[in-house]
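Below you'll find a set of structures to go through.
Look for subunit A in each of the two complexes below; its partner is subunit B in the first and subunit C in the second.
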Partner chain A sequence: MQRIGVFVCWCGSNIAATVDVEAVSQALAKEPGVVFSTNYQYMCSQTGQDMIQSKIHEYNLSAVVICSCSPRMHEATFRRTCEKAGLNPYMVEIANIREQCSWIHKDRAEATEKAVILGRAAIAKVQLNAPLTAGTSPVTKRALVIGGGIAGIQTALDIADAGFEVDIVEKEPTIGGKMTQIDKTFPTLDCAACILTPKMVDCAQNEKITIYAYSEVEAVSGFVGSFRVKIRRKARYVKEDVCTGCGLCTEKCPQKKVPNAFNLGLDTRRAIYIPFAQAVPKVATIDADYCTMLRTGKCGVCSKVCEAGAIDYKQKDEVIEREYGAIVAATGYNPISLAQFDEFAYSQSPDVVSSLEFERLMNAAGPTGGTLLRPSDGTHPKTIVFVQCVGSRCDGAEKGKPYCSKICCMYTAKHAMLCREKYPDTDVYVFYIDVRTPGKNFDEFYRRAVEEYGVHYIKGMVGKVVPENGKLKVRASDLLDGRQLHIDADMVVLAAAIEPDKSARPLATMLTASMDTNDFFTEAHPKLRPVESPTAGIFLSGACQGPKDIPETVAQAGAAASKVIGLLSKDQLTCNPCVAAPNEMMCNGCSSCEKVCPYGAITYVDKEFRGPNRTTLIRRVAQVNPAVCQGCGACTVACPSGAMDLKGFSNRQIMAEVDAICL
Partner chain B sequence: MMKFSYFPGCTLKTRGAALDRCGRAAAEALGFALEELPEWQCCGAVYPNARDEIATRLSSVRALMAARDAGTELVTLCSACHHVIKRVNGDIRRDEDIRAKVNNYLKPEAPYAGEAEALHYLEVLRDRVGFDAVKQKVAAPLAGMKIGAYYGCLLLRPSKELAFDDPENPSVMEDLIRALGAEPVVYAMRNECCGGYVTIENPDYAKKQAQRIVDNAKALGAECLITACPLCMYNLRANTDGSLPVYYFTELLAKALGVDGEEAKQA
Partner chain C sequence: MIDMMEQITRIAGVNPRKCMRCGKCSGACPAYDEMEYHPHQFVSMVENGRIDELMRSKGIYTCLSCFACVERCPRSVEPAKLIEAVRCAVERQQGMDRLRPEAVPGLLNPDLPQQAITSAFRKYRK
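Right after this comes the complex of A and B.
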């Protein structure tokens, strides 16, 4: 029988307002094995922890039950507390009477009764707890950053700066991401390329950084400290180490009619291409969908003109395998498809463009050389209508996104301002639901657009855009005036909502990292652990975690890097001792557990056992690698003979909890 | 074989006969039965916006109740009938007051509480039959035809009550057009008002409005329009220059299925 101490926390009024904590501590004092029971306002405070430690000594406690918040919140805290007082940290059980009780109930009597039951279950379990000792596992001192946009670049640079090796995997032929397509950045209007491309070059030149561009993560195994990752290096049909990036092939290629993805299809490029002048790595890539040589076997112009001999039509995808201690997801975002918002006539007129397309139309390296021209007829638009919140803040589940995309108010103000500055004779309208500008110097920026640049901001939504005789008839409502507006526009710009990149969902599955309903990666704690995934060793950088502008992305990228550095600076990691362990006498070697183990932690060995009459038997039994086992418990359920058990969560312990609740 | 109760509505017995006839022929070809309700009455024609207006809701309730008693879903073809019947059904489900008054008035054996499901024919094609199945049954694909779907105002709105398709950016008729082997033309005016009953008071305005729809559809390459509404059909034919042929969607459906009635042949 354990000597158990019970500590009931008020959590200020979080628990005490709904649960009679005094009654709980008194009721639990009567449970078998309980030698001390009390309640206190903030058990996690220094005073609370000191009290737990002194009571462990005073009552010679062998086990502790804390009735408080979720174990996800403070289990580690209380384990440390008890460890300092000389108790094995795994002799601590948490009864969650906050998230699973006080926060979700209103009736005080019922909530109190439930809190007692939850406490009783924890006491029943801790009776059967055994001291556990955590093992250690080594840390591979190399990090993987998935995604080479500004988020991934910043994370990689910061990790490399601390002296650790970093690999960047980028699915496009060059790193740089969305920021390469942006013209100017708010609120300072400095040129995006001017501040981004030096960082891209830094990545390429940094000895600690390896860039795997035009590559994708294909499989991830292992666990924090030692992940094994398979990376598919897609065939460029150009030898990356031989190509000098001279660009001659991209001028001579006869296939000229390939939609230029970098300019969002607003112009064309060749079948062999370098996305833009400052690409890193600056090597050509052949677009296999359009290359005549790859499709028909007849052409070979690029190979003939290439003086370096870098063209290799026979190149194949290559899969490499690397080991990492930590992985950072930095997969970024994309604007949503506008197909569901055709009331704005995006599919019906080329002069209705998305904001990112507008960025390219304003960019000196864009399809119009930086002169704002209508895609339909190449004339200067005189009246431009910007529509905000296209697909953002939608209420329906079937269309658009429920969240605010956060960046649109500011970039639309930027676009409107730039239009008025470059072309003072244009009329610029911005339709908005709300203008949201919480950021340093953001509201000043928006007010400048209105007050100094004379942009017409109208509260209301555009209902319809009708292309008619070369004009775009915009019908909208002015909510402040209560009027219907009809504007004959030359161009309409849609601020499309942003969503996580499509590659994020399959990646999350590979990483066993959790996601929210919008496919943004979930952070370990929304306030206190914003750059870590709940999965150990997986970190989050940039817009893959939620909509973010560039300054926020860079800040979060740095934060993710510091977490990675903290991890990589350790030589050993403490393992979770709550792992599966087979009872070899009961194991019949059926392999059921091996088949269900998602981590490959279970193997089988032939072992010698003593048989009757001094004989020996060779039996096949399961073996668990405690460094690989994550303690998910799948094997304990699958085992038909009940031989597999989870330390700290044994079948007996779980049944004792169930009995305490139900009996 | 799938069975549905069928509410044709008065226009489908007169001016809109083609909508009805082709709809029935197509249903037969697609393998579902439309069983016309016995002794059906006018749907009420216009949905009563006054909450305390009970009498004009009664005929819709009678139709819905008959469908419930037959144990089938209630199908309509006419946009207006569908609009009225589905909204009244929603009223009965949501509004206790209306439900009580209607039942007090009608005194049915089993009180009606919105058990029946009102469906538009297009919903049957999309959700019960499936456009893939329609596509498989197409005998004479309308290959090469560029068709503009004209939705009008009533078919999909108010969207929360009709729960049919996105009224601002619908796709159900475009998907049908694709299933029939033709090419849909998306044009901005497809869900705008045809002029409606304004044609009685102010025919000039109605003409302007209807012509704008036709011009917009033509500008985007449409060669003909389809609609599900007899009033839209009237306005698009009578109040325009006639440069764009207009059909009921069932006419082209029947034609593609190879079971077209005489109207479609004339077209």
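Right after this comes the complex of A and C.
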């Protein structure tokens, strides 16, 4: 029988307002094994912790039950407290009487009764607790950054700066991401390429950074400190180390009608291409979907003109395997498809464009060389209508996103301002629901668009756009003036909602990192651990965690890097001792546990056992690698013979808890 | 009046509190200039319990029920359904019978399905 101490926390009024803490500590004092029971205002405070330690000594306690907030909040705190007083940290149980009791009940009597029951269950469990010792595992001092946009680039640069090796995996032929397609950046209007490309070059030149461009993560195994990652290096059909990036092949290739993805299909490129002038690595890539040589075997022009002899039509995808201590997800975002918003005539008229397409139409390296021209007839638009919140803040699942995409208010103000500055004879309308400009110098920027540049900001929404005789008939509401507007526009620009990149969901499955319903990666704590995934060793950087602008992305990238550096600077990591362990005498070798294990922690071995009458027999039994096991418990449920058990959460302990609640 | 508001939202099956005042309904409405209260105002008036004014408004009969606002509403507030609910509420008022039992025999017509009379009677006799 354990000597148990019970400590009931008031959590200020968080618990005490709904739960009669005095009644709880008195009721629990009568439970078998309890030798001391008390309550206190803030158990996690220094005074509270000191009290726990002194009572451990005074009553010679062998186990402790704390009735307080969720174990996710303070289990580690109280384990440390008890460890300092000489108790094994795994002899501490937390009864969550805050999140699971006081916060969700209104009736005091009901809540108090439930708090007593939860405390009783924890006491029943701790009776069966055994001291556990955590092992250690080594740390591979190398990080992987998945995604080579501004988030990934900044994270990699910061990690490399601390002296650790970093690999960047980028699925496109070049790093740089969305920022390479942006013309100017708000609120200072500096050119995106001018501030981004030096960072891209830094990545390429940094000895600690390896860039795997045109590559994708294919499989991830292992755990924090020692992940094993398979990376598919897609065939470029160009030898990356031989190509000089001279670009001659991209001029001579006879296949000229390939939609240029970098300019969002607004112009065309060749089948062999370098996405843009400042690409890193500056290496040509053959688009296998369009290359005549790869499709029919007849052409070979690029190979003939290449002086370096870099073209290799026989190149195959290559899968490499690397080990990492930490992984950073920086998979970024994409604008949503506008096909389902037909009221804005996006698929009916080329003059209805998305905001990202508008960036390309304003950019000097874009399809129009930086002159704003209508895609339909190449004329200067005189009236431009911007529509905000297209697909953002939508209710209902069929179209749109429920969240605010955050960046659209600012970039639309930027677009409107740039239009008026470059082409003062243009009429610019912005239809808004709310203008959201929190951020340093952001509201001033928006006000400048209105006050100095004369952009017409109209509170209301466009209801319909009809292409007619080369014009776009826009019908919209002006809510403040109380009238319906009819505008003959030359161009309509839609501020499309942004969504996580499609590669994020399968990646999250590989990383066992959690996501929300919108496919944004979930952080370990929304306020206090914003750059860590709940899965140990996985960190989050940039828009894959939620919509954000460039300054925020760079800040988060640095934060993720500092967390990675903190992890990689350790030589050993303490493992979780609450892992699965089989009872070999009961294991029948059926492999059920091996099949359900999401971490690949279970293997089978043939082992010699002593049989009756001095015989030996060989049996196939399960073995758990405690360094890989994460203690999820799936195997204990799957095991048909009840041989698998989880340390710290054994079947007996869980049944004791259930009995304490139900009996 | 609060009861009336509840009745309207129950008939309509939509929640006017979901409205974020974007005005897309009024931007889409082809009958905008014909209505004294415009679709977005409609939603706000139902939410604020100004049902009496709506029930007296001629605008509820100018609504074409084209459902452009229902189709475009990003928040599933669906103004046309609220307008239809107000029309129903007008018809269902106590003591405002539009069809009296003694008028029914005169309306009977062998070409007309009897169900039409029955449902009209149910609808208008309160």
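The rule is short, and it goes like this: the second predicted complex is superposed on the first by the 658 of 663 C-alpha atoms of A that agree within 3 Å, B and C clash if a C-alpha of one lies under 4 Å from a C-alpha of the other, contacts with A are read in each partner's own complex, and residues count from 1 in each chain.
Definition applied: a residue touches a chain if its C-beta (ideal position, glycine included) is under 8 Å from a C-beta of that chain, and two chains touch if they have at least 3 such contacts.
Keep in mind that what you see is a predicted model, and the values were worked out from it rather than measured.
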| message | In the superposed model built on subunit A, check whether subunit B and subunit C fit or clash. | response | clash
| said: Going by the contact rule set out at the top, does A:E421 touch subunit B (first), subunit C (second), both, or neither? | reply: neither
| task | Figure out whether A:E251 sits in contact with subunit B (first) or subunit C (second), or with both, or with neither. | result | neither
| query | In the superposed arrangement, which partner chain does A:K464 touch: subunit B (first), subunit C (second), both, or neither? | reply | both
| message | For A:I433, using the defined touch cut-off, is the partner it touches subunit B, subunit C, both, or neither? Pick first, second, both or neither. | response | second
| request: For A:E343, decide between first (touching subunit B), second (touching subunit C), both and neither. | output: both
| said: After the superposition on A, what does A:E58 contact: first (subunit B), second (subunit C), both or neither? | reply: neither
| When both complexes are superposed, which of subunit B and subunit C contacts more residues belonging to subunit A? | C
| said: I'd like to know which partner A:D107 touches here: subunit B for first, subunit C for second, both or neither. | reply: neither
| field | From 27-35, 45-53 or 81-89, the subunit C stretch with C-alpha clashes against subunit B | value | 81-89
| Touching both subunit C and subunit B, counted on subunit A across the two superposed complexes | 343, 463-464
| note | Per the touch rule above, subunit C residues touching subunit A in the complex are 18, 20-29, 32-33, 38, 40, 68, 71-72, 74-76
| note | Interface with subunit A, subunit B side, in the complex: residues 166, 168-169, 186-189, 192, 215-216, 219-220
| task | Show which residues of subunit A lie in contact with subunit C when the two form their complex. | result | 343, 389, 393-396, 400, 431, 433, 459-464, 475-477, 479, 482, 484
| field | Residue ranges of subunit A in contact with subunit B within the complex | value | 340-343, 345, 347-348, 398-399, 463-468
